[in-house]
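First chain A sits with chain B, and in the next complex the same chain sits with chain C.
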Partner chain A sequence: MAKHLLEVKDLRTSFFTPEGEVKSVDGVSYYVEEGEAIAIVGESGCGKSVTQMSVMQLVQCPPGKILSGEVLFDGQNLLEYKSDSKEMRSIRGSGISMIFQEPMTSLNPVLTVGAQLCDIIITHNPGMKKDEAWAKGVQALKDVGIPEAEARMKNYPFEMSGGMRQRVMIAAAIVCGSKLIIADEPTTALDVTTQAQVMDLLLELVEKHGKSLVIITHNLGLVTRYASRVYVMYAGRIVESGTTEQILTNPQHPYTKGLLNSVPKLESNKDEDLVPIQGMPPILSNLPKYCAFLPRCPYATDKCRESDKPMLKDTGNTHFSACYLTEGQNG
Partner chain B sequence: MADQKNMDAPLLKVEHLKMYFPVTKGFFGKKVGVVKAVDDVSFDIRRGETFGLVGESGCGKTTTGKCILRINDPTDGNVYFEGQEISRMTKHEFQPMRRKIQLIFQDPFSSLDPRSSVYSILSEAIMCDGKPRTKEEIRNKVNELLFTVELNPIMSYRFPHELSGGQRQRLGIARALACNPELIVCDEPVSALDVSIQAQIINLFRSIQKKLGITYLFIAHDLAVVRHISDRIGVMYLGHLVEVTKSTDLYHTPLHPYTQALLSAIPITDYYEEKKRKRIPLQGEVPSPMHMPPGCPFNPRCPYATERCRTEVPKLREVMPDHFVSCHKYEEEKK
Partner chain C sequence: MTGYIVKKVLTAIGLVILISLFTFLLMQLLPGDPARIALGDGASEERIQEYRDSYGLNDPVLVQYWRWITNIIFHGDFGKSVLNSRDVTSYIHTRLPNSISIGLPGLIFGVLVGLFVGIVSAVKRGGWLDQVLTVLVNLFLATPRFLTAIFGVIILALNLHLIPLQGYTAPWDDFGDYVSKAFWPVVVNAIYTVAILARQTRSNMLEVISQDYVRTARAYGLSERKIIFRYALKNALIPVITIIGLQMQNIVAGAVIIENVFNIPGIGQMLLNGIMQRDYFIVQACVLVISVMTVFCNLMVDIAYGFIDPRVRRSMR
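Moving on, here comes the complex of A and B:
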């Protein structure tokens, strides 16, 4: 079994708002092995991004606060470090890199791409000469498939297309040699053909350079093609986890089933009506004591209404589901 | 012309539509170039069907929709609605047509007046035909519209900011339906919504069409959504319509090299099928519409490009029944 590069245990992050405590991340545990690509799937507001922000300790405090849990990266517990400590700053970038949805907001609009890349390289390699850093930046742009890399180094972000900017972000992630890349909706703002190019590039980093990748997305198609394991999140909790094959071909949790049924499929017979999940996503500041999916669940029983939130239980072959209905099956 | 109104005639006919935007520079607005946003696009939409328009950003699908709605006045070409040419009408002549062609936007929040309640948003749209109505008639019509889009009548006292994204989009649909339109142009109506809500809205579009027989022009970039909702689909690339076909044929027999690449770029959720699929990687990026390549717009990225593709723009032609494609490859094969 490969080493767990990142292991998150029972992470809890809340936001304290005038409306009350919002439990954005409510006891989330997951791990990433070395050289593996995993996906975290969920709809907006399910806490998938806040989970990753907590790992990087980028949650704004106040109103947000990481309450408890463990984030083990390469043997160290990151939560022992303060958010602005030297250790944490060195892990961001050289340990874990993050790629965001909208690359324009992550790049500085008044500096050239080259200046920004050199800045990153010199910060992580103190004492490096400027022209050395420049050469390294050019190489990184070549690695991510940007043509005419030398000329592109002198471009400002606005002179590049969306796909190109996202490649620059990936280049920034690889120049510091980080082992784990967290990609938060990396291709949502991109067109489909560009999306395929950017995702192929990310997967190449995993397969050829042994990096690990966490893809945060709501697009189940991306998951099928690029991830080997999947975690499905709903209302701040992981409701199902397993290999991509298990989740997509044999979903256990009613939410995963609903999600799969509500996506229009390119390949299927179009006359079938979509089966949407009824109702609306829950409001996180006012979650019930019982299972958060219960109001929308077509299979809910009395047991679900009377019991506490279900825990993740193994349904066989490391396929976990947090639902009372699936618990009995392997009982 | 205007008299031939039988049911078989297309509701909307677009012929050789061209929309060029000048690119200006400097204080005096010197013209330095032209962006061919829509270049020679022709298609027709039959009564009661859904015609999908797909393509990547900047391909001109929204501009095509805007030309039909007369938000943009096309540079050249004709648009016939119920047999009447509408692209050359004066504003005054077009006024009664506007009620028959309605629009639904992508972002339901910016397209709703934040200071009007649901009731006043809908009643304003109902009254735009200028007919006298009593308060009760309007109230009944508002309730009827809310019922059609599956919103609770209590909602009519709410304001847009109190509604969720899905509810706002339902309100947008209700407003479009308020003046009994024949055609609704839907511009990316579900792309801002979450997956589970998106499915609800797609089903709503279909049930409204079954009930009221409305025709849709459905513009979106998500091929899976468009294929699900449309009867026929037009694929656009750089201002050109490259393929038009029945949506059932699109996945299994795409003909244009761009359509094939586009389809293969989209990952599907069927796990075993996905692992078997062949990928056609596309090199490079979409060229800027200001510097269009000569010949076929797709030729710099096309794996089958020949000398002819680099010089001559292919025409959209029917290669199979109800399947149009603009590619020199199929023309040669036919000979």
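Moving on, here comes the complex of A and C:
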């Protein structure tokens, strides 16, 4: 079994707002192996991005605060370092890199691509000469398949297409040798053909260069092609996890089933209706004691209403589900 | 970039010509006859017509304008005061440096302190320092300039006897005297620049700090200092430059109030006296000088934009 590059244990992050405590991340545990791509899936506001921002310690404080948990990266607990400490800063960009959703706004509009890449390179290689950093930047752009890399270095972000900018972000992510890349909805803002190119590029990094990849998405289509394992998040908690095949062919949690029923499948019968998940996403500042999905769950029983939130339980072959309905099946 | 600058300069020249024509016509519309003011109520009609003829005031308006503007362009001659035949050109020559000696230090202090206060407020947003500074900034923004000036005189001059009541000595005549007399006018000018700039810088900084690319910079390990100065400040300053440009023209235009409160013989006082006495050539000359400076400042801002913001530079090629 490969080594766990990143292991998050029982992470809790809350935002303290005038409306009360918002438990955005409520006891999340997951791991990423070396050279593995995993996906974290969930609807907007389920805490999937905040989880990753907590790993990087980039949560705005105040109002946000990482309350407890462990973030083990390469064996060291990142939460022992302060957010603005030297150790944490050196992890960011050369240990763990993030790629964001909006390539339009993620790059500084008044600095050239080259200047921004060099900033990152010199930050992690203090004392490196400018032309050395520049050459390294050019190489990184070549690595992500940007043609005429030397000329592109002198371009401003607004002179590039969305797909090109996302490639620049990926170049920035790998230029200082990060082992883990967290891609937060990396293709949401791109058109479909560019989406595939960007995802193929990310997967190439995993398969050829042994990087690890965390894809945060609400797009189940991405998951099937690119991730080997999937975590499904709902209301700040992981409700189901397993291999991609387990999740897609044999979903256990009603929420996962709902997600899968709400997207069209190529092989499915045309007459089959898509079934949306009923109701609204929960308000995180006012969560019930019982299962957060209960108000929207078509299978809810009296036991669900009377019990605390269900814990993740193995339903067989490391396929976990946090639901009372699935608890009895295999265990 | 050269094309961009040439275009902006040509626009600026056209603007100055339009303003000069507009001022000229406006002065003609004002009620009151400078000849009558100069000669007094008892002057006979012939005497007045004679006086008007000698200053060319009976010619058609456009002829007068043409004569006036060509004299300025080709001879650097702003004409003579209708009231006392004084040469307007040399009048401005003695007055303008006085205005600048009050306005320029105020602007420089104001910009430096204003940027500093704005950055500090933004970085320490929500803290006690930010709150104190914000209250002060809003207080001064809400108080008219002459009121601040007068309150300061009451406290600093009348009660504490720290500064002279009013008056002016040029710095090249007696520097010590200049400092003591110019201190409060300069501070009053600076306070308003500080207030406006601090507020603008703070809100721009806050806006920029919450931008995605600042988050990106953090996510790639850049230090907070580098983020503030290289990533946030440059972007936040782009709109602030406009404000600095507007404040620059205050050196002359804003002088009207300050110079009259403190009795400083500058161009603002000259303008106000000229208007009171319907002294056409003085008013026209002052307005022209002020508008040229204003247009020049705006031109500088436009060109600065081109240098700082690559988006403007590329679109203006």
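To be clear about the criterion, the second predicted complex is superposed on the first by the 329 of 331 C-alpha atoms of A that agree within 3 Å, B and C clash if a C-alpha of one lies under 4 Å from a C-alpha of the other, contacts with A are read in each partner's own complex, and residues count from 1 in each chain.
The rule is simple: contacts are C-beta pairs under 8 Å (C-beta built on N, C-alpha and C of every residue); 3 or more make two chains touch, one makes a residue touch a chain.
The model shown is predicted, which means the values in this text are computed figures rather than measured ones.
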Name the contact category of A:N125: first (chain B only), second (chain C only), both, or neither. neither
Looking at chain A, does chain C or chain B touch more of its residues? B
Is A:G163 in contact with chain B, with chain C, with both, or with neither (first, second, both, neither)? first
Is A:S285 touching anything from chain B or chain C once the two structures are fitted on A? First, second, both or neither. neither
For A:S29 in the superposed arrangement: first (chain B), second (chain C), both or neither? neither
A:R225 in the overlay: touching chain B, chain C, both, or neither? Say first, second, both or neither. first
In the superposed arrangement, which partner chain does A:T188 touch: chain B (first), chain C (second), both, or neither? neither
With both complexes overlaid on chain A, does A:S90 touch chain B (first), chain C (second), both or neither? second
What residues on chain A touch chain C, complex-wise? 56, 58, 84, 89-94, 97-98, 100, 102, 105-112, 119-120, 123-124, 156, 158-159, 169, 172
Where on chain A does chain B make contact in their complex? 43-44, 161, 163-164, 191-197, 200, 218-222, 224-226, 244-245, 248-249, 258-268, 270, 273-277, 280-281
Can you list the chain B residues touching chain A in their complex? 56-57, 164, 166, 194-200, 202-203, 206, 221-225, 227-229, 247-248, 251, 261-263, 265-274, 279, 281-282, 285-286
Using the touch definition from the top, list the residues of chain C that touch chain A in their complex. 211-213, 215-224, 226, 230-231, 234-235, 238, 308-311, 314
